[in-house]
Amino acid sequence: MPLGGIIFITLFIGVFGVILIYLARWTGGRAKRTSAAKMEIYECGIPEQEKKDTKISVKFYLTAILFILFDIEIIFMYPWAVGFREFIHSGAGPFVFGSMIIFLAIFIFGLWWEIKSKALEWD
Amino acid sequence: MPETNILTTIGLEHYLVLSAVLFSMGMAGVLLRRNLIVLLMSIELMLNAVNISFVAFSKFNNNIEGQIMVFFVMTIAAAEAAVGLALAVSIFKRFKEVNIRFFEHLKG
Amino acid sequence: MMNMGTTPFEITINVIKTILVFLMMVQLVPILVWVERRGSAFIQNRFGPNRIGPLGLLQLLADAVKFLTKEDFVPDKGNKYLFYAAPIFALIPASIAYMAIPMSTPLIVGDSKFLIQGFEVNVGIVFILGVSSLAAYTILMAGWGSGSKFALMGAMRAAAQIVSYELALGLSIVGVIMTYGTFNLSDMIAAQQGALTFTGFGSTFTAHFLPNWGIFYQPLGALIFFASAFAESNRLPFDLAEGEAELVAGFHTEYGGFKMLMFFIGEYGHMMIASGLFATFFLGGYNIPYTTVQGVHDWLMTTFGLSVDGANIANTVVHFLMYNVKFLILLWIFIHVRWTLPRFRYDQLMDLGWKTMLPWALANTILTSIVIFAASQFAF
Amino acid sequence: MTDAILFWFLALVTVCAGLSVILMSNPIYSALSLAMTMVGVSALFVTLGAYFIAGVQLIVYAGAVMVLFVMVLMLFDLKHEIQAFTRGKITGAIKIASVGILAGLVVGAITLGTKAIEAAKATEAVAGKTYDNNTMSLAQNLFLQNVFGFEALGVLLLVIAVGTVALSRSRGGTHARD
């Protein structure tokens, strides 16, 4: 894996981005007059509301947790998928296939439970 | 045994020392910080340090089982983070508090 | 530098190549913006930008100049560091992931071999998925750094949407991996040469009227991959992150000028990754339909009387053009869909991701594995 | 030589990012530096030839777990942090000292242990297991020898999925109440 190249281009893009932002700062200049209203965040023109942590549904975070759990199960399928043909060639096909069917059954049961328990409802 | 330069020849020890340093950092985080979520993050850091040493041993002993262990550790770390955060969030919803000291008052 | 070449000459060429691929991506963005504006105008029976230069092509330059003269602005309530870091980080995952996609056959001149891609990664798919999943940070950083609740809500929506569809995306790829038995993108392309042929059930089937493309093995997987790729790149009909009616402009509400442009580069970069990956997985990558790379090479040598090196160069150029044809057609489909379909509601979007696409991707995986298993066990 | 440069560079990145995890007082910066550490560790896995594990590290840790942390921190706006570090000079000194002692112990154990390993290797001359087709041998080991652990993790993930949903439902609905 060309790790050196990846690190190099990452740093290159980082420097490129910083230069771009500084360039834009320099050519954009500063307005002579400024006001408090200008530096406010944009809330469609009405005066800014004080409370920032207004209701954000916990759903977002629940979705992220369920994502992690299912993501790992999917990652577990990757080595299986890449080796499946070789397993069949080496004669271990039925065993590996059977173990994966059990795993998939667990996965499907989990998904079915999440759907049934309305954990994934957005209302 | 030929003399090797510690700066230019990277061996198992280098990875293990790095892993130990990261692990101690994670431990210091657990001991020093007060924010519950930062504590969880420090635990993740410790688990990562362990993963480094697993992979290093796997490479230098020519044994793939270390990588399998990393797989399992990652799964368990993710599960731990999920449950830990779920607990932290439900406590935060109830008491508006994430200070670890606060948890001493939880009873029953 | 690991595997970037053995001689200083090769290393230099490879380093320049990565920079060239990056600049190519950046250059493609204004052109795509122009295509998008003209294309939307065409679809909606308008003119679009047609004043500056022929066909409005110089509009790109005018836009760049306008962006450069914008005042740099940070809201008082925002977090300055995250606010500036977010657009820079928006560039990185998209471009690095794109560099792992092969764009043509390797160029072999004498003893040197140059890959027509940024760098080759032998676990290509896993690398691309991993790197592009880092894009969620950009969005969260921008949303938080702005200090505005609209931006934060947009960021949360975008992040939840991206992670949800990453599941369907990752699962639809499992069938692809199973079909080719490798993570390496170049190997996948090599497996898609010639006419449709496959071995199983004790005999070999050939269909001369179809190319040997992945889409014929994985039609359901291709559909799910394509749909989730739209959601991953936050494009319509999945652009809930910037639902203009309720969230102003989503996570980049507070951004303007060049910083905004950098988010655009990131977004179009994800579109390019999706198109490149779709072409690689399902449309034979840089392969010319019905032919093999070696076949084209031989044809070039006999027809034009080229030397081996000359034929190699011509071969690379021809395949590069072929790749770009597929790539640009897919990008046009992205643009066309954006200006044709209405958008979803947020709950519909999540329902689609979790309750429709994920089960179907799962069904695709199971079906593929059963077929592969049966094909090896039973014979007619 | 290039390997050494890469290692030292990555070690520097990981250690700096790891330090900022525990030293930054704003938890969001901590989380972002931890993500940086994860990326660095993934690159270290690449230098060790564990390509697939490196990719999984990126997808699972950097792309999923840390996104969850960042989302939770931003969702609940934990910026108004009471006090970043635990108080008390004596307890603090004891803690730091214990961490130092632990680090010293670990480093000492490693130097002793690797000498033993070197000696064992010299006598034994490890039998020629191939290490090149990495993912394939990983798949074989995972699905032929450790298949029970694999299924058990599937069940664990299922239990966790059920448990987190139940936890986030506890005390009234799925919405944060103000």
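Things to note:
Order of writing sets the labels: A, B, C and D. Residues in every chain begin at 1.
Quick note on the criterion: a contact is a pair of C-beta atoms (placed from the backbone, for glycine too) under 8 Å apart; a residue touches a chain by one contact, two chains touch by 3 or more.
Predicted, not measured: the structure shown is a model, and the values here were computed from it.
Two chain pairs, A-D and A-C, are compared here, and A-C has more C-beta pairs in contact (counted per touch definition above).
Nearest to the common centre of all protein CA atoms is the CA centroid of chain A.
For this pair, subunit A with subunit B, the centres built from the Cα atoms lie 21 Å apart. A separation of 16 Å divides the Cα centre of subunit A from that of subunit C.
For the pair subunit C and subunit D, the distance between C-alpha centroids works out to 30 Å. Shown for subunit C are the residues that touch two or more other chains, namely 1-2, 121-123, 126-127, 152, 156, 159-160, 163, 166, 170, 183. The residues of subunit D that reach two or more other chains are 2-3, 6, 47, 51-52, 54, 56-57, 59-60, 64-65, 67-68, 71-72, 75-76, 135, 138, 142, 153, 157, 160, 164, 168, 176, listed in rising order. Multi-chain contact residues of subunit B, defined as those touching 2 or more other chains: 71, 74-75, 78-79, 81-82, 85-86, 89, 93.
Interface note: chains touch in the pairs A-B, A-C, A-D, B-D, C-D. By the touch rule above, subunit C contacts subunit A in their complex via residues 1-4, 14-15, 18-19, 22, 67-72, 75-78, 84, 87-88, 91-92, 95-96, 99, 118-123, 126-127, 146-153, 156-157, 159-160, 163-164, 166-167, 170-171, 174-175, 177-178, 181-183, 248, 253-254, 257-259, 262, 346-347, 350-351, 354-355, 358-359, 362, 365-366, 369, 372-373, 376-377.
Looking at the complex, you find that subunit A touches subunit C at residues 1-6, 8-10, 12-14, 16-18, 20-21, 23-25, 27-31, 36, 39-44, 49, 52, 54, 56, 59-60, 63-64, 67, 70-71, 74-75, 77-78, 81-86, 88-89, 93, 97, 100, 104, 107-108, 111, 114-115, 120-123.
Within the complex formed with subunit B, the residues of subunit A that make contact are 58, 61, 65, 68-69, 72, 76.
Partner subunit D is touched in their complex by these residues of subunit C: 1-2, 82, 121-123, 126-127, 129-131, 133-134, 136-137, 140-141, 143-144, 152, 155-156, 159-160, 163, 166, 170, 183. Interface of subunit A with subunit D (complex): residues 1, 3-4, 6-7, 52-53, 55-62, 64-73, 75-76, 78-80, 82-83, 86-87, 92, 95-96, 99-100, 102-103, 106-107, 109-110, 113-114, 117, 119.
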